[in-house]
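Below are two complexes that have chain A in common, paired first with chain B and then with chain C.
Presenting the complex of A and B:
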C-alpha cells in the first residue's frame, strides 16, 4: 500500500537558490535550533524568513495530503501529531520574536534603519510593519494620556532613550558546534583582565552573550 | 525554560518499542519510521511511543541506561544542580525523559511486569520525594 502521505519530502522547489537543498528532517532541526537561539538570546536575532516559509510549505503540503486520506487511519493520526508539534515550535519561535520586538521596538527599528543594503534583514516585512505601527500607537497613546498635559518644553519624548536596550551582558548557556579559537573575553570588574579562551567542539559553557553574539549569528554555537 | 518545554524537547529522543499492530513504513517530515510488525522491536520518538502506549498499541522497552545505579547517580545530580541545565544536552534531556518514563514504567510495572526487579527498583527511586538525596 503506497503511502499517500509521503509526497511532502521534496524540498527543492521551495528553497532559495543560495543553499544546498535541505531534507525536511534537516529543515525541522534548523527550525528547532533557531527557536532555541531566539528563546535564549537577549536581543532580536536575524530573521529566518526562508526557513519559516519552507516549514509552512511543508506543513500545508502535509495537511493537504491528510485531507485526502480517510479519517481514522492510524498513519493520519501520527502525521497529525507531528504537524502539531512542528506548528508549536514555529508559533513559539514567531511569538518570541514578537515579544522582543514589543520590548525593544525603538532599538529594533533603529537597527533596521541603519543597516547597510547588503546585510540580511532583522525583521520580516510583516514584522517591520508591526514594529512601526507599535511605535506609532505608543507615541499617540503617551501623547494623549500624559504628554499633552505637561509643560510645553517637556512634551517630546525620545523613544530610544525611554525604552531600555536589550542587555547584551546577560549570561547564556551555549554549546559549541564548530571549534573556535581565541575568543576574547572582556573583564567584568576592574580587578580582572581580559583573557582569551578556545572553545572546543561539543563543549558547553556559560558566558556573557556579548562575547559570543557573532558566533550565534554565524551558527558556530547553539544557545541552550 | 518551563518544564513543559523541557518535556517537549525530551520527547524527541528515540526509544525502542514493541508494537502489537502492523503498519508499513511512515514518512514523517522529521524522518522515516517503521515498518511496524507485531512482536518486533522498532525505534520511534518518545512522543509517539507514549501515545501508542496510551492507546495500548505497544510496549515500551526501557533503555539500557535506565538502570538503578545510574539512575540514583543522575537523580542526585538533578536534585543538586541548577534546573536550568535541563535543556537539550544528551544527559540532561534524559533526565527530563525520565519524568515521562516514570509514567510508562509505572504502567508497565503495574500491569505487565510487576515482579521485574528493574522496574521495582526504578519505581522505588522515582517515588523518592524531591530534595532528598538518595543514599544506598
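Presenting the complex of A and C:
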C-alpha cells in the first residue's frame, strides 16, 4: 500500500516538530494501526488529531500531484486507487470514533470532564463539540416530547444511568508488538484464581480488553 | 394493568426490525402520559392520607404505583431514544434529505432533532483536517476497483464527473463510472451496481 505514496514528498508529522519525521509509508502504517485499534476496542481511544491532519495533508498533496498527470496515464489510475484506499481507512477510522461517541455520549463527556488538566484528551476539540451538541440535542428532544408532560418528580433522566456503558470485559484479539512480562489476568469465574502471563513479541492472544487496555494505548499491543 | 400501553410501544418498534421507522405513535404516548398522571395523583392523595392519618398499610400500594411510574418513564424514553437511533441511521443512509414517506412517519420534534443532528455532523465533518474537511459518510465500503458498472433505475438528469464530462442518467441506461461519484446515488436508489 505504501508504494503508491512514493510520489508524495517527505512529510513531517506535527508542525511544531515535537515528533519524529515520518515517511508517508510510516504515516499510513500508523493510521492503519490506529484504525484497527479503534475498530476492535470496546471503548473510545485517545484521539489522534495530528495523525488525521497529516493524512489529510498527504491526501491533498497526492490529489494535486494527480492533477498534473497526463490523462489516460496508467500511473494516474494506480494513484487514484491509492488515494481512495487511504481515504476509506481515514473515513472509516473517524466513523468508528463518531459511532462510539454517539453510543456512549454521556460517559464520554463524563470522562472528559473528570480528566486531569495535564492528561491528553480522548476527544479532539471537534469531537468534543459534536458530543456536547449531541447530548444537548437529545436532552431537549426528550424533554419536549415526553418528560415535560410527566409528573414533576419524573421529569429528569440520568443519562449516565440510562445509556449503556462500554463493556470493557469483552474479549479482543491482539498481537504483541513489544514483549510484556507479568501481566495480571483476573479470574473469569469464582473457582479460578488470578494468574500472571508473559506476552512474547509477535504472539497472538485472545484476552479481556480490560486487562490489556493500558497496553493498547501505549502501543505495546495491536488489536487484530 | 398498568404499563401495558408502554410495553406495547416497545413491542411495536421491536416488531419492525432493524432500520425501519414506524409512524410516530402519538396516541399511545399520550395514553401512557395520562396513565402516569393518574397514578401520580392517586399517589399524592394516598401519601397525604398516610401522613395525616398514619395509615401505613397504604405504603406498599404507593411503592407499587411509583414502580409503575418509573417503568412507564423508562419505556417511553426507550421508545423515543430507539427512534432517534433509527433516524440517525437514516441520515447515514440517505444523506441529508429524507424521502417524504419517512418524513411522514416522524413527529415535528424528531424532525427538529434530525436537523440539529445534521448540522452537528456537517460542522464536525467540515472541521476535519483543516481546509475543506472530509465527508465521512462517503467511502462506506473498501474500494475494490476504480470504475464500476451501474444501471439507472430512475431518470436523474445530467450528472457531471470529475474530468468535466457530463452524462445523462436516463432510466435503464448503463454506465461505467468512477465509484466514488456513484456511492451516494446508489444508496439513494437512483443507480444500481451491476455485478456481472
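Methods note: the second predicted complex is superposed on the first by the 213 of 224 C-alpha atoms of A that agree within 3 Å, B and C clash if a C-alpha of one lies under 4 Å from a C-alpha of the other, contacts with A are read in each partner's own complex, and residues count from 1 in each chain.
Just so it is clear, a residue touches a chain if its C-beta (ideal position, glycine included) is under 8 Å from a C-beta of that chain, and two chains touch if they have at least 3 such contacts.
All values derive from a computational prediction rather than experimental measurement.
When both complexes are overlaid on chain A, the residue A:87 reaches chain C alone and has no touch with chain B. By the document's definition of touching, of the two partners only chain C reaches A:95; chain B does not. Of the two partner chains, chain C is the only one touched by A:154; chain B is not. Contact with chain C, but none with chain B, is seen for A:56 once the two complexes are overlaid on the shared chain. Shared-chain residue A:128: touches no atom of chain B or chain C. Looking at the superposition, the partner that touches the larger set of chain A residues, chain B or chain C, turns out to be C.
After overlaying the two complexes on the shared chain, residue contacts for A:175 are found with chain B alone; chain C is out of touch. Once both structures are placed on chain A, chain A residues 81, 85, 88 are touched by chain B and, in the other complex, by chain C.
On the side of chain A, the complex with chain C involves touching residues 52-53, 55-57, 60, 71, 77, 80-81, 84-85, 87-88, 90-92, 94-95, 98, 102, 126-127, 129-130, 133-134, 137-138, 140-142, 144-146, 149-151, 153-154, 157, 162.
Listing the residues of chain B that touch chain A in their complex gives 1, 8, 21, 23-31, 33, 47-48, 51, 84-85, 87-89. Those residues of chain A whose C-beta lies close enough to touch chain B in the complex are 1, 3, 5-6, 8-9, 24-25, 27-28, 36, 39, 58, 62, 74-75, 78-79, 81-83, 85-86, 88, 173, 175, 204, 224.
Residue ranges of chain C in contact with chain A, taken from their complex: 29, 33, 36-37, 40, 69-70, 73-74, 76-77, 80-81, 84, 88, 107, 109-110, 112-113, 116-117, 120-121, 123-124, 127-131, 134-136, 138-139, 141-143, 145-146, 163, 179-180.
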